[in-house]
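Below is a structure I'd like to ask you about.
Which chain is which? They are A, B, C and D, in the order written, and residues in each are numbered from 1.
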Amino acid sequence: MSMHNIETDNDLTQDTVILQNRTRELTYAEAIREALQQQMRQNKKVFLLGEDIGIYGGAFGVTEGLVQEFGKERVRDTPISELGITGVAVGAALTGMRPVVDIQFSDFLTLALDQIVNQAAKIRYMYGGKGKVPLVIRTPSGSGTGAAAQHSQSLEAWLTHIPGLKVVQPGTPYDAKGLLKAAIEDENPVIFYEHKLLYKTKANVPGTDYVIPLGKADIKKEGKDLTIVATAIMVKRALKAAEELEKEAIHVEIVDPRTLVPLDEKCILQSVEKTGRLLVVHEAVKRGGYGAEIASIVAEKGFSNLKAPIKRLAGQDVPIPNNKKLEKAAVPQIKDIIREARKIVHE
Amino acid sequence: MSMHNIETDNDLTQDTVILQNRTRELTYAEAIREALQQQMRQNKKVFLLGEDIGIYGGAFGVTEGLVQEFGKERVRDTPISELGITGVAVGAALTGMRPVVDIQFSDFLTLALDQIVNQAAKIRYMYGGKGKVPLVIRTPSGSGTGAAAQHSQSLEAWLTHIPGLKVVQPGTPYDAKGLLKAAIEDENPVIFYEHKLLYKTKANVPGTDYVIPLGKADIKKEGKDLTIVATAIMVKRALKAAEELEKEAIHVEIVDPRTLVPLDEKCILQSVEKTGRLLVVHEAVKRGGYGAEIASIVAEKGFSNLKAPIKRLAGQDVPIPNNKKLEKAAVPQIKDIIREARKIVHE
Amino acid sequence: MISNYSKERLVGLYQTMLSIRYFEEEVERSVKKGLFHGTTHLCMGQEAAAVGVCSVLKQGDKMTSTHRGHGHSIAMGADMKKMMAEIFGKATGYCKGKGGSMHIADVDYGNLGSNAIVGGGIPITVGSALTAHLEGTKDVTVCFFGDGATNEGSFHEALNLASIWKLPVIFVCENNEYGMSSSITEMTNIEDLSIRAKSYGIPGMTIDGNDLLEVMNITERAVSRARNGEGPILIEAKTYRYNGHSKSDKQRYRTDEEVSKRKKKDPIQRFEKMLIQSDIPEEKDIEQIKQMVIEEVEAATDFALASPEPKVEELLTDVYA
Amino acid sequence: MISNYSKERLVGLYQTMLSIRYFEEEVERSVKKGLFHGTTHLCMGQEAAAVGVCSVLKQGDKMTSTHRGHGHSIAMGADMKKMMAEIFGKATGYCKGKGGSMHIADVDYGNLGSNAIVGGGIPITVGSALTAHLEGTKDVTVCFFGDGATNEGSFHEALNLASIWKLPVIFVCENNEYGMSSSITEMTNIEDLSIRAKSYGIPGMTIDGNDLLEVMNITERAVSRARNGEGPILIEAKTYRYNGHSKSDKQRYRTDEEVSKRKKKDPIQRFEKMLIQSDIPEEKDIEQIKQMVIEEVEAATDFALASPEPKVEELLTDVYA
């Protein structure tokens, strides 16, 4: 389906290609933008729609510059109609396009869920395997900006509960780029959660057109004493915590599932087989969070390897408050991870 | 707040009162209706709103007769506007009323979630403890009617993930009545899940004005070999399975949490302490279901009591199909519970 | 004007309306006999809207429908055998028995599907029209929905989107007076639902949805406008539903007299009379057509009954593409 | 007509508008100094709508607001100290620092709260009006929202509900030409947003939202209609937002010239001029009032700065009642 080699590609000298493909530091936001750009160059069916994604560049600047390159038809500013635009994307996908919807804050998915859950996720099944909905919804989640309860949630667990959807949650610029490309190339609806506090974090990202397959976890750090499964911003915090813990000779292994659906169970179970201990860390509220799913899988399938009870460290069961101190206290911080890790290992 | 003794009460002779209070067989639907009726008689602030709840009597006949008794103002038929009517209920609750919203199928909550999750659940917290939203949303969930993927979901796990909400899931007529009364008297937004296949099931229900506090599990059957935590229709199926298992000298203890939030952790943990084995059974899709939460709590806090891995038996990770055979295969049946129970006990 | 159409075409239209009527009657009988699992929403009385609108579409055009969608599917040329099999939950049905009565679809042939969520199909239609726009085809998309659906937020958002992007959508509101038990006159405070077009700056019109030729005539104009890039339109087709909302409806919200009165404006009888008056076809041919359709419908049931159930392994397939 | 109002009242109105303006200027300075955590949406340029509407309300009346809500709260008589403390996330704020700039509320005094969800407050307002209706009070509820919010489904559903139930709601759309970066003229296809009232069979009117007396005059009539049980109304108040959408807005979607041009119709200057022309108050009094308001606003910041943070235990309180 994808149409490789757009015109401008032909003009590139060998040198420019090498230059373009080289690895350099990009922010998470830039990495996402690069994925969008590469996909849009390769495949005319890919287009973007969302509120303020054009000249404004998106609420977090991710789509900056894209309307200049691809025009208003393919970088489509929309009215404030989350249900409507998501439905439009469903219809466009069902008729052959590859829309990428931008929902400004993942809290607003609450308005679009009929189209995501009752339509996009189920159409193929309801139609007995006919039709497909290759649709990506990009949306920022998480707290830390002081935007309070209606702009700070982490509700990714909801979407994992819906057969027919895939759920992606990148924790680094490298992963963000590779996973977004996989998401856009996927034939199914994919919810792509970006983390607000990660947008400005930098790391090496190749300019090449690499893809990270959905469903492959990544071991961000090896260790033998304790497995920490962490997602999104918690990957970064877990890595920092692990540094500290190394000083105490606690060797933590950090597994980033990267995609919640499909989930790389095997990688997690193998790690727990090695370490015998599991701490699951996420920002989302603990009760009903996806950490429970991961913990339960291990409690069932990795039970015999467990040397200690499985622990979950997650958001408090409260809405996110505005006050900075409270906001921080609402979700796991580095020191909390260190504390919990110590407890598990020493108990 | 509640205004006891409506006029007609005064006319009742002692005999009629006794008659009214006596225990008799009611269906689950009738028990719910009686709770609504008693609350509406006692408290003029209580009113109902929803699609087709008046002369039609609600999609499942639950509100039949109520518009005749209470009139169209308090049994308010609405347009097909789930988001709007839920928001209306939020506003009415915030200004002193006690609305009970009827959402015809719980699948349609997808349309109303902004008002439930971003508004009702968070208002009190966002306002620093001022204001309250005493609101009940009654909604039928579950499969088994052949209504297919958009009318058969069990998404209660979603709402458990939202601080500020309470989530109730009665499995018997007796519980339905007592819990609904508690829900209406509660000062917080409560999501009240009814199960479609239970509406016509009958059991003894007292006519009295009893209330079952939210947050108290019920041991539906005692046993020493295995704890089954089951919800909604799975309570009934688990009881049937337990009967069979008794014949094999497997003594199952069945715990019905009745309310998912607040959850009676203590009751579940005590039961597992006794039996050493846990099977969680629910109809909802396994991945991301509330069973994971329950399993994780036990994996953490009851770890040392466990003689076997915790198992979850739940809906398959598929949308609900129309075909009856497939529909049944999509969610746990009695035979599946028996099979899983045997495995856990014999392994 | 009847003279605008060939005899063949007119007979075809008549036959399609009859197919819908007889198909629905057959479904009703099957409901009573308990032949299938699940609910169903019959569209008897509303045939002219479905047939009138769909008959002016071309290959490549698309359509979305509702819970009350059998008529729309038949009007789009669906195979009644595969429809009935689907309603019966059989492996030979349009959706292999996974969708049932409310999800009949045939995406490759422009039927983007019925929808059990009131208003759920409306934004999807706009997306389909956006594809046409982006791909530069001249295909239009028809969007069927009921009077009740016009109170859903999705209606509002979708019509606005179609309008600002000038997309080729024909929004067809089948106003059959009720949404389940609720009279639309109590659920809105306006005379005609087509007034709502004004909120989006698009044309709106209210027509007699039981007059086949009027429906065709208006739709033809709407479609050619849309194909020309002149944007969407809202057509309110006034009609009436003869049966209860679904199989469990006790119909306490309306009187038998009301129903009988409305049945006097039956779209099929009206068209039949007109045909007979114009001698196309002759009265005896009418009987022949009826017989043919009856046989076709019976064959559909036979096919459905004889068809196998899906294998239980089918439960786990088709979740992901 | 200015002569309809007492000197006291006029001065009060002027002072309230000034309070909003100076409060927002102070917030803007605090943003630049990085004095608080979180975003904020300033309403400079829109003061007449907030003050004009709220000034005609009585005790018992209610109001809901938006993300751009400081002006509405001040117009409802909020204490600027507690507002500023809330914006600063302090324990002494309206919400104990839990809500911040977007959630200022004072439920007991009729301010049902700002709302960070575009369109989120609209159905809530209808619920508040339903309470008044069911309880038989004569209270009305005012619902503020932006032009962009009129494209949300919640707007549609809520206005329809208010209409069919004839509830006492004054829907006030502050059309400040943009929703974030999007010009409302590109996001709808209609001249005036008040046209949308027709979809609900309620009166709609478009007024100069920068003309305080016009706003008051129209709102007074709307309120008395609503109190009389004659139902809701949609008022579109045309105005303009001077600042960027929020602190991170680069304003690439509009020109400096456009902004300067719109600033010529400044609601406060216009009203001030009118007051001075009518000699109420005299020019020197104006300076005095300004000085007073400036001091009040400064005192608000001082209060906020001096106030304690909420204790960390507060994190877990107020989740349930």
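Just so we're on the same page, contacts are C-beta pairs under 8 Å (C-beta built on N, C-alpha and C of every residue); 3 or more make two chains touch, one makes a residue touch a chain.
For clarity, every value in this text was computed on a predicted model and none was experimentally measured.
In this assembly, which chains make contact with chain B and also with chain D?
Joint contacts, listed by label: A, C.
Using Cα averages as centroids, what's the distance between chain B and chain C in whole Å?
Roughly 37 Å separates the two chain centres.
Please work out the Cα centroid separation of chain A and chain C, and write it as a whole number of Å.
Spacing between the chain centres: roughly 40 Å.
Mind checking the centre-to-centre distance between chain C and chain D? Centres are C-alpha means, answer in whole Å.
Comparing mean C-alpha positions, chain D is 46 Å from chain C.
If you average the Cα atoms of chain A and of chain B to get two centres, how far apart are those centres in Å?
Each chain reduced to its C-alpha mean, chain A and chain B end up 33 Å apart.
Return the residues of chain C touching two or more other chains; collapse runs of consecutive numbers into ranges.
95, 97-99, 103, 115, 117, 120, 151-154, 156-157, 160, 164, 186-188, 319 - these are the residues of chain C that touch more than one other chain.
Going by the contact rule already set, what residues in chain A reach two or more other chains?
78-79, 81, 83-84, 107-108, 111, 114, 118, 125-126, 148-150, 163-164, 316-319, 321 - these are the residues of chain A that touch more than one other chain.
Draw the chains as dots and join the ones that touch; what shape do you get: line, ring, star, complete or other?
complete
Using the touch rule from the top, collect the residues of chain A that touch chain D in their complex.
51-52, 54-56, 59, 77-84, 107-108, 111, 145-151, 316-319, 321-327, 329-330
Give the list of chain B residues in touch with chain D in this complex.
Touch residues, chain B against chain D: 47, 73-74, 78-79, 81, 83-97, 99, 114-115, 118-119, 123-134, 163-164, 166, 187-188.
Touching residues of chain A toward chain B in the complex: what are they?
On the chain A side, the touching residues are 83, 107-108, 110-111, 113-114, 116-118, 121-122, 125-126, 148-150, 155, 157-158, 160-164, 261, 284-285, 287-293, 295-296, 298-301, 303-304, 306, 308-312, 316-319, 321.
Where on chain D does chain C make contact in their complex?
151-157, 160, 163-164, 186-190, 195-196, 198-202
Help me check something: in the complex, which residues belonging to chain D touch chain A?
Going through chain D, the ones touching chain A are 36-39, 89-90, 95, 97-103, 115-120, 148-149, 151-153, 179-182, 186-188, 248-250, 252-253, 309-310, 312, 314-316, 319.
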